[in-house]
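Input: structures, listed below.
What follows is a pair of complexes built around subunit A, which joins subunit B in one and subunit C in the other.
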Partner chain A sequence: MLAYVIRRILMTVPIVLGILLITFVLFSYVAPDPAFTVAGRGKKPAQLRAIRKEMGLDKPVWLDSRAKAEQDGREYKGHFNSQFFDVVLWRFPESIKYHQPVGELIARKAPVSLAVQLPIFLIELGLQLILALICAFNRGRWPDLVVTFGAVLGMCVPYLSIIILGQSVLGFGAGIFPVAGWDTGLKSVHFMALPILVGVAAGLGGGVRFYRTVMLDEVYTDYVRTARAKGVSRNNMMLTHVLRNVFIPVVTQTVTVLPYLLLGSLLLERMFQIPGLGGLMVEALFNNDRPILLAMTYGISIAYCVMLMLTDIAYTLVDPRVRLS
Partner chain B sequence: MRKVKWIFFGYLAVVGALVVGIALSFASVSARDPDTLYIVYISDIKSLDPAEISDVPSSRIAGNLFECLYNYDYYKRPYELISELATALPEISKDGLEYTIHLRKGIHFYDPDGAVWPGKTGPEVKAKDFIYAWKRVLDFHLPNPNAAIFDAVVGADEWQKYTEDTKDESKIDWDRPIAGFEATDDYTIRIKLKEPFPQLVYALAHLPSAPMSREAVDKYKKKTRQHPVGTGPYSLSYNDHLQQQRILLKRNPIYRGGPMVDPGTPVAAKDRLPKMDRIQFEFFEEDLPPWYVFREGLFDYHGIPKDAYGQAIRTGTELTPELVKQGVTLVKEPEPSIYYYGFNMQDPLVGKNKSLRQAMCMAFNRDQFIATFRNGRGMRPVGPIVPGFPTFDPNLKNPYAEFNLEAALEKMKEAVRVNGGEPIPTIRLLLPGSDTTFRQMGDFVQRNMAQIGVTLDVDYTNWANFLEQVEKKKTAQFYQLGWNTDWPDEQNILQLFWSKNISEGGLNSSNYANAEFDKLYEQAKVMSDSPERRELYKKMQAIVNEDCPWMGMFYPMDFALQHRWLKNFKLVDYVHGWMANLEIDKELRKQGLPRG
Partner chain C sequence: MSSAATPAAVDTVMGAVALSERPRSLWRDAMARLHTRKLNYVYASVLAIYALVAIIAFTPLLGKSVFDAQVGAQYAPPAFTGTVEQGTANEHSTIRPSLWLGTDIAGRSVLYKLLYGTRVALTVSLLASILSVVIGTVLGLLAGYYRGWVDALITWLYTTINSIPWILLMVALAYALKDREFKMFGQEFKLVGIPSIVMALGLTSWVGLCRLMRGEVLKHRERDYVAAAKAVGAGTSRIIFRHILPNTFHLVIIDFTLGIVSFVQAEVILSFLGLGVKDQPSWGVMIDDAKLELMRNVWWQFAGATAAIFGLSICLNFLGDALRDALDPRLRGVD
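Our next item is the complex of A and B:
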């Protein structure tokens, strides 16, 4: 297993660097000039030169010439060998918009996203499995029909509508929850209730349908039929044998979404005004804030690769037939 | 089976703990603080360094933290200048080239973080602090769009060049004089101009001209953006600004009571400080959630989102009975701004075909547009000069500002002739957003233009791409933009048509050049307010109206709702520090909203 892990880590390096390189090239050649976004209207050529200097955009995109840097009286560093490698080495520059180190911003906002997304994920996963199990137990009967109908309905209603419904009915109308907002530390906890409820409600349907299908596939396999023929009770059959065997798709589904728990839900954070990474990312996209976008791309690609590796390792724990070699 | 059970119970325990934790947190929810004003802000601030401020959200916050030589009277309309850190309006020489300004004595800087001066109170504001701040505005290394306010000052260009030539900004000699800025003593400033610039007095009421403490800037360096050290009614500590979340202003304990108050004047203790202890700005990017929060009585005033207009206004400008019952009142004020579709005058099609532009202007149904997209909150523009300005005339006859399909079709025949008898090719309209409203607006203009046979291809993009195409590459053919005036003088708008402002990123984004207009503009820009200058402004507007480099959309009308406990609230432009006037009737707020 160790050899496998080392091999996967080594494979991760070119993947992450490749992603970063593509992002860097897109920013350097396709994205609009960030100096224009920063400068506001009525800028003068000198001001644009100053902004470009401050943002390091006066440097060559790729490698720099020491002689030219000295002649221009600026730091000897090309864009590529400063911004790109700085990010690779986890040295984040300042955000263009917030003038704060990107690392500091991410460190402050990631826990906020996680605080909302983790409960949603945990509650949602458990409910999805329970409801899927109920469907599989009662296939074709009313509990299955009711749950499946509810799940399809949930999938059909747009996320935004569920959010607005939650805010207007449970928040503004009934006054049970705060409509939106956030505070600092533990004072924020009560603001989490409605986003969690809405997040769970919005995400439940798809998972229930997926796990129901997986469980039903499993129910009609030969070993289940044999076990039932040998007298294993239905409950024992479902909870012990079937549930264990559906863990592989559960693990795959679960582990790959983990990096996005940190990233947060863009829409949920925006509508509930949760100051997490989702909002930061959206603002960075609108403001062409390269340092934030590079750092986020880098962080997410690493997290995704690591989680995929953990998924493979987790397979060996839930399925003894899987060997990592 | 046992393992599965454990997993199941473990899971139940975690989820149960979560639910209980959240439920318990409701018990500790604290009510709104009676001494704090609660306000929404919808766009995060870029900088709190006055030299860098050019955006409305930053100005709105910084206006409470800094003061300038001059300000505008909060209550008077049309806007009237008042002296703030100066004792009176400037003494101007007969040739308009020399301004002498006397400062109030005994006003001190305040550093809420206490990192510059122990005890937080800084030294007295003196003439040198203004000159230092103005030099910073002109500093090449401090990229800001405000340097233009001192363009006319003697020696400003030389100073800018000197700072640009000094590659290492730490080596800039801040004691190096600028001929046009002189501190004749600690409390007197003399400004010398190369040519008359009558708008200078407005520039001195503009936040970028606020005095700065050199000690504070030396201490905070680049972090000056996050450490405002000013003299305004409120202060902001570094830890009270949480990006994209909250800004908490606390009152400046050494404030003197009002912009026109001398520190030596006896003012009752209760009147010496702003009315509210704190102002909390809460960040919301979307329209509807803060609207619900306002309706719960948790924000003291708020605008009306487009999608909730029906919940607030019944007919015309009448509030719904529910809001009336709650004691909510509607506050209205025309904004000195204009929104328009600009034609790129360098474009070989729209730029060279005046008849086409005129036809398009007449085919655009502004009244319907304002009713549809602004819920009637706006006025049909009659020219670039906006309401509230001395030469604004709402009854001005401008045939190209009126919807007249017949005349537009007639003009189109000329447009086709100008185009060599060929049909008009598709025109690309660039919009700075891609949300539903922008798409609906794009469809609206498309349908309007289709009526005269003009096909529009609408491009929806983000702000960064938009600026790139309009101001840098100048490839946009037809685009949507707006202008919020910086001060109540027509020159501030008419500069957008001056050909010398055509440059990469220049203010003249429609690249309009008209020799006659330029001549009048250059004549008017050095004149003080007079009937002659007003005539020139009117002539310039007439030229622009005839040439149609813009297709005006609307003059916005600002609407806001306030709860019954908020006092002294007015919608303002230009004025800074006005939130110090706001007051809460604590008893009424405690009672909350009448229910039922």
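Our next item is the complex of A and C:
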């Protein structure tokens, strides 16, 4: 057990390095020069240099050395005073738009995203499991056909269309909910209702089909046949035997969704003016706010990676078969 | 697996034994299965119509002068609703096809924009799908066949990419590639609009197929037909691409079909984030433009673009599912 846990943690190291490498190369070599995007066209070289210095882009890309620092006329602060290690060690410059440290900004926005996305996630998961169970119960009969057909229809409508429609029909047209906005503390519940409703409606389809397949896979296993032969009733079999075993793939699926919870839906938060991480990212895209984009891509990916690792370890506690394979 | 042996080879081996019918290959079998459900023909013909519209949009019939021309008043409602504003220029011209679906904020025909958008949507999604399928297939084949350090490297690459939430990576890449100029081999390349979107989508979406291919190839390389091919002296590339690839090609086809659906939907997201196509109408841009129109009761641009995406997605989804059922023998009889 301990050996497995150690091996799994060690496996994460090259992946984290890979994430670091991909995001860093993407933003330092492929993306446009942030000094230009901040300053706009027609800036003088001295101003560009000042902006680069402020963003820490005057430093060498990978590693610093005393000779290099003297050549550039910088103060030498050790080998790791480079752009790459600024990212590694989470030394991001301030956000261009907010003039606040990126870490602080993310920490402040994350709970807002979570407040909207967690209810969406829980309601959605509950509904998806119930609908999938209905399908598996009535396989091939009309409730199954109606639900699977509806799920496919729902998946084919663009996410943005559902948000726009929900916002203008339920929020603007019927006036049941506020169209957009946010408030502090508990007062924000008022603003949360519509985004949650729309978010659930938009994401329902895909999961239903997935969980239906998972449940049907489970229905044709030997232990179910044995239980049926022993005389366990259909309902009892479905609700206790099958549902319990289905939770393993459900947990896997759930973990892959977690980073999106934190990130919020980019579209949802932007459309409903929710001040969460998704909205922050969209804003950063429009403002060319490189520190935020880099920090979010890097930070959320690492968080996701760690979550995947923890799930795998949690599995071995639940299901010893995983360890063997 | 009969596809490795050609019918001619079978004839010579069998000598005098005449085969009464052509061998049932996986593909003939799959076509027969698709044929039994007549609805598949409906999906296929709808897709053919989309393709036809996209091809027409490449001709001057639907060029810039057509979709960019002002054809009526601002926000003229669709002709079929029968509400033509009195006293406007288009009072007597409701039969003009350009006004069938109304006009947008600049008085341009929504119908023409929609038709031209088919070209953008299909170009983006087909190219992105080809790109991701090629990367996924080649890397999957190499990893599965060579194993060892090649496999370790490719597995590391796709695990890493898989550990970055797709939407983040895709958006970051689209942002990095937007309006970029590159100097390569003494030539300058400028990535504007469609090429940068295609790269952002294609370069981030090959992981699923690569993983599937690798797993499948790992099994196939131990099969007798590969050993037989080696025994007759076939080279490695011949074994990989002429023997193993055809036997795993159903995975490629299914991924390709369903990939198009997700790319059409992703184009909408990119347009919303200001990373989409420019200077030409696309479905994503139309929906994005319509986000405030709906509150002014201007629903036609929104409805048109949504319906276009819906129609394409639903046909591809159903056809993709049918293909999967027909091509993947393991799924037969399960569901």
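Quick notes on this structure:
What we mean here is this: the second predicted complex is superposed on the first by the 278 of 325 C-alpha atoms of A that agree within 3 Å, B and C clash if a C-alpha of one lies under 4 Å from a C-alpha of the other, contacts with A are read in each partner's own complex, and residues count from 1 in each chain.
In this section, a residue touches a chain if its C-beta (ideal position, glycine included) is under 8 Å from a C-beta of that chain, and two chains touch if they have at least 3 such contacts.
A quick note: this is a predicted structure, and the numbers were derived from the prediction, not measured.
When both complexes are superposed on subunit A, subunit B and subunit C clash. Contact with subunit B, but none with subunit C, is seen for A:Ala193 once the two complexes are overlaid on the shared chain.
Set side by side, subunit B and subunit C differ in how many residues of subunit A they touch, and the one touching more is B. When the two structures are aligned on the shared chain, A:Ser161 is found in touch with subunit C, with no touch to subunit B. Using the contact criterion defined above for the overlaid structures, shared-chain residue A:Ile51 touches subunit B, although it does not reach subunit C. In the superposition on chain A, A:Pro111 contacts neither subunit B nor subunit C. In the overlay built on the shared chain, the residue A:Ile19 is in contact with subunit C alone; subunit B does not reach it.
Of the two partner chains placed by superposition, only subunit C is touched by A:Met296; subunit B is not. Superposing on chain A, the segment of subunit B with clashing C-alpha atoms against subunit C, chosen from 453-461, 471-479 or 525-533, turns out to be 453-461.
The contact surfaces that subunit B and subunit C form on subunit A in the two complexes overlap at residues 31-32, 164, 168, 172, 179, 270-271, 282, 285-286.
Listed in rising order, the residues of subunit C touching subunit A in the complex are 156-157, 159-161, 163-165, 167-169, 171-173, 175-180, 261, 265, 268-269, 272-275, 284, 287-288, 290-291, 294-295, 302, 305-306, 309-310, 313-314, 317-318, 334-335. Remark: subunit B residues 1, 4, 11-12, 14-15, 18, 21-22, 25-26, 28-30, 44, 46-47, 54-55, 140-145, 147-148, 160, 164, 167-168, 222-223, 225-226, 242-246, 282-286, 288-290, 292-293, 295-296, 462-465, 467-468, 471-472, 501, 503-507, 509 touch subunit A in the complex.
Residues of subunit A touching subunit B in their complex: 31-34, 36-51, 53-54, 72-74, 97-100, 105, 119, 122-123, 126, 164, 167-168, 171-172, 175, 178-182, 184, 186-187, 189-190, 192-193, 196, 236, 239-240, 243-244, 270-273, 275, 279-280, 282-283, 285-288. Residues of subunit A touching subunit C in their complex: 14-15, 18-19, 22-23, 26-27, 30-32, 139, 152-153, 155-161, 164-165, 168, 172, 179, 213, 216-217, 220, 259-260, 263, 266-267, 270-271, 281-282, 285-286, 293, 296-297, 300-301, 304-305, 308.
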